[in-house]
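Labels run A, B, C and D following the written order; every chain starts at residue 1.
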Amino acid sequence: MAPSGPIQVRGEVLSVRRVGAYFHVTLLAQGVAERVRPGHFVALAVGGESSSMLLRRSFSIYRAQERGVYGGTVEIVLAAHGPGTSWLAGCRPHDPVDVVGPLGTPFALPKDPASCTLVGGGYGSAPLFSLADALRARGCRVDVVLGAGSEDRLFGVLDAKRISQSVTVTTDDGSLGHRGRVTDVLPAVFARADTDVVYACGPMAMLRALSEVAAAHGVAAQVAVEEAMACGIGVCMTCVLPVVGDDGVTRMVRSCTEGPVFRGESVRWADVGTVPPDCLGAPLPAGGH
Amino acid sequence: MAPSGPIQVRGEVLSVRRVGAYFHVTLLAQGVAERVRPGHFVALAVGGESSSMLLRRSFSIYRAQERGVYGGTVEIVLAAHGPGTSWLAGCRPHDPVDVVGPLGTPFALPKDPASCTLVGGGYGSAPLFSLADALRARGCRVDVVLGAGSEDRLFGVLDAKRISQSVTVTTDDGSLGHRGRVTDVLPAVFARADTDVVYACGPMAMLRALSEVAAAHGVAAQVAVEEAMACGIGVCMTCVLPVVGDDGVTRMVRSCTEGPVFRGESVRWADVGTVPPDCLGAPLPAGGH
Amino acid sequence: MVDLRTSLGSAVLPNPLATASGCAANGRELSRFFPLSELGAVVTKSVMLAPRSGRATPRMAETPSGMLNSIGLQGPGVDAFVEHDLPWLQAQGARTIVSIAGGSIDEYAVVADRVNGAPPGSVAAVEVNISCPNVEDRGLVFACDPMAAAAAVQAARRALDPAIPVLAKLSPDVTDIVTIARACVGAGADGLTMINTVLGMVIDTGTLRPALAGVTGGLSGPAIRPVAVRCIWQVHAALPDVPILGVGGVRTGLDALQLVLAGASAVSVGTVVFNDPSAPVRVLRELHDALEERGFERFVDAVGYAHRSFEQEYA
Amino acid sequence: MVDLRTSLGSAVLPNPLATASGCAANGRELSRFFPLSELGAVVTKSVMLAPRSGRATPRMAETPSGMLNSIGLQGPGVDAFVEHDLPWLQAQGARTIVSIAGGSIDEYAVVADRVNGAPPGSVAAVEVNISCPNVEDRGLVFACDPMAAAAAVQAARRALDPAIPVLAKLSPDVTDIVTIARACVGAGADGLTMINTVLGMVIDTGTLRPALAGVTGGLSGPAIRPVAVRCIWQVHAALPDVPILGVGGVRTGLDALQLVLAGASAVSVGTVVFNDPSAPVRVLRELHDALEERGFERFVDAVGYAHRSFEQEYA
């Protein structure tokens, strides 16, 4: 059996390549790759030794290779958005980067061959390629839908063509593919592919809308959420969202450990950012004791 | 007249070269070089944009060139000692470094040709080479004494030979030159060179001992001190030491602005690190009001 | 080899390194990075009587060399904790310092009583987190008033077997921490943990609103280390015989050494675990080496050492 | 172009950016980096009655995203200040906020009186630094007690022309800053400056002794920014009509904006000047642009704005 659970290693940047609006970063991280399953993420320390940024940044794993020329590597796709991601984007080959991973609960794979639709929003497509490989290895049909604000924020359109039955692209501004949202095209894809399961990664608003469409079409949904995380390893309780358990009880659940992948219908999307009053241990209404 | 006073510029590292135990760093810093006089220093921001190190690090200016191939450059010699200096030593060509300088009060030059002995302890020799040039341009005789713990901590022995009548070297461990301290050899040099003024830069203990030897031999002393500095520009009052003014009154004086160069006999060496009770504005003895 | 043994009241620990409450959950997640038995102690997340959902998100914001958090003491409740977590920790060979919290004096008493019912040997000490709002007194924080602080500590102390040391965890957000420390010791605390987070706030310049759903939050991390050192220094100077578990901004062995020299008999690593999950064992190693380089043969000789050299010089 | 004008009581300023007391000396050194007239105000180093040598060195220690200082109010005394510094500042076109300090209520009164004797128009406002030990009351810091704080503010207020606004500068090292703020306003303060440094300490792990000669010192810089935002937020919520000069850890325009959104009518840049001597003008530029991007036409509309959106949502 492959080793499992996260490890912490002093990794090294092998390359940083611009891809559209993103950066494709390859890291040497001995021992991590053999533990990775699709949907896992890594948490990277940022800013170097004298950094004022204490918290790690989390990234979906795009690709993990047990041994390339250099040993085990992990690849991520990042949007340079704030100071931590900008620092990573500015790294040069051989710069050290501390890596913790793989983290989180990966995508659940169907036991039997099934028709799977994979939906990525922006850099959210990153984890879908290794997922597609795993699904195809199980004899699943794979269709891909990629959406983004504009063409430069799509990642992996060509790659996706290689690994899937069909690729559908949407952009908010119409710069590539259908002008609009992924949820506009999903019903047609579901119908065409006779989808059993939809797998998705992307912004929360997309996951919410997608979960609703999936439920309406009787399609199971596996969604990888993105909540602000202080630790990434399950010890701080910052990354919670309200999730309904198999027992019907809503709990504030850690997205770094129980997630980032959840069943779409288990997340109480409308209540994300709140503690629903019927949540286990919710504060009593004012006036109560 | 040359422009004077400090400026702040976004500089750039041109090169970092190991020299014995030190690093010789050349910085592109437009507009600084033309303002530099021997004994000035620069204050460099360290750690990059997300640095947790807020305070600048100060370095004597080893060499300043108004235009090299790249424009105005400033060179320093640094010992990688803590996190800030280690960060600088690890810089690579083209890395940006914010430079403030030139700062401080430079060495006072004799009006008439005089016999000058220049004494450097460790990297404290750095500012002496441009000083020697300025003195020789005024027809002064220059003798050099360099001391350090060990040979690798001497800086510029060969350079010194080119610019001086004589070079005397001391090391604590005897790995080069006389085994011992610079003050062991100073009386002989003073006698041989008939020294009028001694110029010195190095550790406080050396400057103190040297000031005593100079006073005993009737030699004027100009010493560049090194006190911990938070701002380097004269606004914070952290870098003070007790100095006797021309009026005979002791004041806590800023070494970044009134210094780093002081007359050796004006510094109350034994009282550095204290506020002497006869200092202007010293706290009243307990029980007073 | 430095002898690293230390003690917090009657709790004897093989070494002075511990986790910090709320920064290590109840140990399971960190045990994937190092064996919990290697630490002097594991301090668990503050537990209350009933299960709690905690606050709404966002619960955190990064700040320069620190972070702000407002978790709201999410947890399973003391019964589930005693049933599931304590035995598991004991099986790992960890020494567990159980952090308890309450919204009323009564809740402190009841939670302590439930902890007291845990299997013998599974509780090395109890830490009383008094940085909680008192629902019976207009939400005033226990730790901010000597009487309220003492009452909470006393309630816990009385409910617990005298063999289990009680540590009162103090808040730095007070005008005079020594007064609070004295009140807690007077109420039966065998030791003190210092410091809890510093009350802070971040405003999100995108939404133009407070960054945390809870509006204010607790500032932690290296940014507050000088505050922790100062509090430990002040209290150790006033109460030199009261053992202190130091916490606040420890990132390296030298940081831990600062807290120890100020007067801490043991040191917790909190927020820095988020940066470096193996920090507690790394800091322990670094602290060991730093003590050895400085010629200390026993860890306990370094506790409060900065006071000694200070008194010698100035007395 | 955003209209940047603001006011602190009757002091009208062309823009909200100021230096912080003790982080800009009396202006001369910074004027080599930018014209002082470009700032809303220059806040001078706290001045006392007589010349003062300040404390022994070391006076500073670097800390994560901050520093500790213990200068001991070194300065020339108020007479030399009024004679040499104020006219020079006026000649530069600077608006000067004079920070005064005292070791007794009487000293506050006398220093304020001497400042009151300065040439008309040379003093835009007086900031009363009450983070000083009261030699007449066992060295207790004025800012830590509402009565003492009020007495110091009142002494200064009475000595000064009513046309000169008085700002009381508060310490965050108190259990309840709103109580102190109310006391100062009750004593005649026209506005409040928040915050002074946070009491901290660093131990030198080389010498095994306190790093500062003064043992404890004041923590400043970005590390404490969340504490400043919190204090401003709390006081502005309680006293929405009292203008606040915000200070604490401002490094960028967005940092300044946080303080403004929390309730500050003007913002001082302190420690960050040591990192970047031109920070005050840079932060002003960045703040202007940040306001513009967010659609504010007037700076004053952003003051306390985070309370507004907060009340709307939750009320």
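Definition applied: a contact is a pair of C-beta atoms (placed from the backbone, for glycine too) under 8 Å apart; a residue touches a chain by one contact, two chains touch by 3 or more.
To keep track of the chains, here are their UniProt names: A, B = Dihydroorotate dehydrogenase electron transfer subunit; C, D = Dihydroorotate dehydrogenase.
Worth saying up front: this structure is predicted, and the values here are computed from it rather than measured.
Simply put, of B-C and B-D, more C-beta pairs touch at B-D. Ranked by distance of CA centroids from subunit C (Dihydroorotate dehydrogenase), the top chain is B.
Chain centres here are Cα averages; for subunit A and subunit D (Dihydroorotate dehydrogenase) they lie 46 Å apart. Centroids of subunit B and subunit D (Dihydroorotate dehydrogenase) (each the mean of its C-alpha atoms) stand 35 Å apart. Rounded to whole angstrom units, the spacing between the C-alpha centres of subunit A and subunit B is 55. The residues of subunit B that reach two or more other chains are 52-53, listed in rising order.
In subunit C (Dihydroorotate dehydrogenase), the residues touching two or more other chains are 64-66, 221-222.
Viewed as a contact network, the protein chains are fully connected, with every chain touching every other.
The touching residues of subunit A, when paired with subunit C (Dihydroorotate dehydrogenase) in their complex, are 5-8, 45, 52-56, 98, 100, 227-228, 230-241, 251-252, 257, 272-275, 279-283, 289. Every residue of subunit D (Dihydroorotate dehydrogenase) that touches subunit B in the complex is listed here, in rising order: 22-25, 28-30, 32-33, 45, 50-60, 62, 64-67, 69, 71, 74-75, 77, 135, 213, 221-222, 271-278. In the complex of the two chains, the subunit C (Dihydroorotate dehydrogenase) residues touching subunit D (Dihydroorotate dehydrogenase) come out as 63-66, 68, 144, 173-176, 198-203, 205, 207-210, 215-217, 219, 221-227, 229-230, 233, 249, 251, 254, 257-258, 261-262, 290, 294, 305-306, 309-310, 313.
Across the complex, subunit A is touched by residues 64-65, 222 of subunit D (Dihydroorotate dehydrogenase). Those residues of subunit B lying in contact with subunit A across their complex are 46-53, 83-84, 87.
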